[in-house]
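After this come two complexes, each holding chain A, first together with chain B and then together with chain C.
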Partner chain A sequence: MLPPASGTGQYFEKAAKSIRLIRQGCTNRPFYHISVTQRKRLNSQPVIEQLGSYDPMPNINNEKLVALNLERIKFWLGKGAQVSTPVAEILGLAGFFPIHPRSYMTAWRNRKTERENLAKQAEEAKTKENTD
Partner chain B sequence: MSTLHIIIPYSAVFKKLDPRLMQCVLAHRKPRWLPVAKSKIYRIPKRPVVPEDERRELMRLNNNYNTYMRAIKQFYRDEMVKEQTTSNSATSEMSLKLDAEEWARCEELNGKWNAQVSLEREERRKIQLAEMEEYALARMEAKDKQLREKIEKASEEIRIQKELSATFITPEKLDQAIEHALANPVDYNFAIDLQGGRYEGRDSPPVLPKNKDEILQ
Partner chain C sequence: MMSVLINKLPRNNIKTIITRSSEIQSCRHLSIVPSLYDDKDPAPTFFSSQVQILLKRLTRPDLSKVFRKRCNTGLFVLRTPTYKFLTDKELEAEIAKANEKAEQLLQMPPVVKMHQTINEVLSEDPALIGYDSCKYLFTDITYGVKNEHRIIVERDPDGVLRNCDHDIRKRLNQTYFPMNGRKIKEPIMFSDKDRFNDLLDNSKYEFILDRACIQYEPDEPKYQSVTSITYQHIDLKKCYEILRSTRHFGPMTFYLTWHQSMDNLMLELLQGNAIREAVLLTSLRQHIHGDVINGGEAHNLAQQILPTPKQSEKPENLTEEDIQLDNKCVECIEKFIVGNSAMKSQHELALQGFREHYQQLIDLSRGLRKAHGGV
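And then the complex of A and B:
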């Protein structure tokens, strides 16, 4: 039998802990648990505790749903748990941490590509006008 | 000349090692000890180009972020230490008093609930007892009736047998009965004609039915 995805609660006191995303969805349908686990463990191995969930696929209202158990996250941070980058990004957007640099980076890169696309479209329209 | 059959499947080994890893993320990947595919030997991955200003901006952001994070982590660690120390000292008078008050309050409430429940239980038990009594009485009555009927039936049987006992053949009466039987032989044989007339006897002379004339006509 597989161990519960919500965590076994068993861990070594002095081992390094990590708060990370654990993929729980199926093929072509990603879904993540935000869990605390020992840093050396694989993502397929039993976790210590589930701290939240993250659904990266937008729902009908164009929302990506996140659930966080902030009390327990505080507890594990107090215990010195390391936070992985994707989780740090989520927590940054949630206002629990400062915004992660990677969030800024993706944002400005997205803005840049959009600007370029717009410029391209404008140019195409111009050339079309000139030819007509 | 296939060499595939020599390779031990990586996932199979892994599964045998640990049943918890049945759904292993690495199961579909190439094992580390396999060489680079022939078609990929001369492929040189393209290096990402990060502009100098972007790099500097990222560096600045990362430095700031790391500083913030260090402070935040330190804060939570201190918080936990503080909490632990206060919770340890919280076994002192104040918390004990609060606990005692809470306990008393809970006890009072529990007592009230218990009293209420006991009242309800008494009522319910009374009703249940009455029901049980009624049921038992009905059963006893039914049993009595059955017994009476049985006795009645038996006594009736006895009465009939007593009446009949006058005609029983006892050892004293045996000789007389035999004599009587020999003196009056009874022949139960009979014949029937087409009209349904009965002709009693076979060895003994036939006794014609009384209404023979009617039947014959």
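And then the complex of A and C:
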């Protein structure tokens, strides 16, 4: 059972809040809401407020769409809400936060694997030439 | 058997000839070169109150056409008309209400300069190269921000953070804040040239212009080229009457005057015996370009014409003031033809025709007045 999009979660003034991705898609089709919720609450439970959305599957133009309600995000940050890593990464890419270290790590690792793949391909081509 | 074959042959020939001629036609439409508002900003001129008044008057609004029945897409029920008995006072109030609504329906789509491309880099981060192979588009969906002021940025695969260009902005605005009637994908009638030309050939000008108004922003190059081609097509075919008393006549007149091609429209006005509107058109040209020889005179005449009712309402009931005013108009147009017209002989011919027609009208109205016992 999916939680409603926004606004039905119980709100406690003093309890810790967290801004996180909440999966809303179906099987094999991920889609996320960026929502603020009580930190101790499960992702399947109702949230306090939805702050945006994130579609991790590229669309027909090879773009990933992110919607952010920056005004409300600022409000909840001011209330001391904790931000989960994936959301911090997204906000970093958007230029709202400094870029998250994990983004740099992913980029660096992707570059490294690509370099290794290229080297491997070159080696295979070389061995093929020698055998021919 | 043979005769059947012989009968068939010429038919086929006719068919091929017809298809060829249609090909030639479509080729000719493709050769219309759209001219855009890209060098000087037309907005201050277009929105100046004098020009607006002139354009509204030239539209020649006819309430029965303004409130005509239109296709009912989007309406769930066709409403039946209601008939009421009203006192004079109530009737006046209803007419005032209808006029207000007509003014709303006739509000002209704005004419503005084409927008510049946005190319504003916010930050560069080469360390992000390889993070992802696709773009990230971020839209600020804060409540109460207008579409044109919304923050929309993109993070490219090479780590550059930049403001999005107009086409992406439009697509994302339509995704998150859809506008009724606008499509994310361009409608095929605009993207396919053949279909667009078919619409032009069938004189569906109002449909094209209405749809372009919804689909595009007025400062988009595509909007300006679509409307420009349509206006030029109307100008070629001289079907100005189709656009009369719609909201598109003003921008069309403005377009033709701005691009110095209002001679056909002038000719149509003279042939339709609308001499006062011809003077208003010269006044409009003087407002836009300031190159009319007797510009000051045209302005003065326009000021005198604007409070008078529409010309074609009671042609056989001319007062002496009307005759004086019309004679002044004829003189003004004569000077305009000598000084500025690009189609001098045709304009002069049309003016001569108007003079003869007008002389008859004068004789008729004077005779009528005499018969009724006037002086």
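Note that in this section the second predicted complex is superposed on the first by the 127 of 132 C-alpha atoms of A that agree within 3 Å, B and C clash if a C-alpha of one lies under 4 Å from a C-alpha of the other, contacts with A are read in each partner's own complex, and residues count from 1 in each chain.
The definition used in the following text is that contacts are C-beta pairs under 8 Å (C-beta built on N, C-alpha and C of every residue); 3 or more make two chains touch, one makes a residue touch a chain.
Fair warning: this is a prediction, and the values are worked out from it, not measured in the lab.
Engineer: By the touch definition at the top of the document, which applies to A:Val66: first (chain B), second (chain C), both, or neither?
Structural biologist: So A:Val66 only meets chain C here.
Engineer: Based on the superposed arrangement, let me know which partner A:Tyr104 touches: chain B (first), chain C (second), both, or neither?
Structural biologist: Both chain B and chain C are touched by A:Tyr104.
Engineer: For A:Pro46, using the defined touch cut-off, is the partner it touches chain B, chain C, both, or neither? Pick first, second, both or neither.
Structural biologist: The answer is first: A:Pro46 touches chain B but not chain C.
Engineer: Name the contact category of A:Gln38: first (chain B only), second (chain C only), both, or neither.
Structural biologist: Touch status of A:Gln38: no partner.
Engineer: For A:Gly80, decide between first (touching chain B), second (touching chain C), both and neither.
Structural biologist: The first partner, chain B, only.
Engineer: Name the residues of chain A shared by its contacts with chain B and its contacts with chain C.
Structural biologist: Of chain A, residues 104, 108 contact chain B in one complex and chain C in the other.
Engineer: Show which residues of chain A lie in contact with chain C when the two form their complex.
Structural biologist: 52, 58, 61-72, 90, 93-95, 99, 103-104, 106-108, 110-111, 114
Engineer: Under the definition above, what is the set of chain A residues touching chain B in their complex?
Structural biologist: 2-3, 23, 42-46, 74-75, 77-80, 88, 97-98, 100-101, 104-105, 108
Engineer: Residues of chain B touching chain A in their complex?
Structural biologist: It is residues 20-26, 54, 58, 61-62, 64-65, 68-69, 72-73, 76-77, 79-80, 83 of chain B that touch chain A.
Engineer: Touching chain A in the complex: which residues of chain C?
Structural biologist: The contact residues of chain C facing chain A are 122-123, 125, 127-143, 151, 153-155, 159, 161, 172, 175-176.
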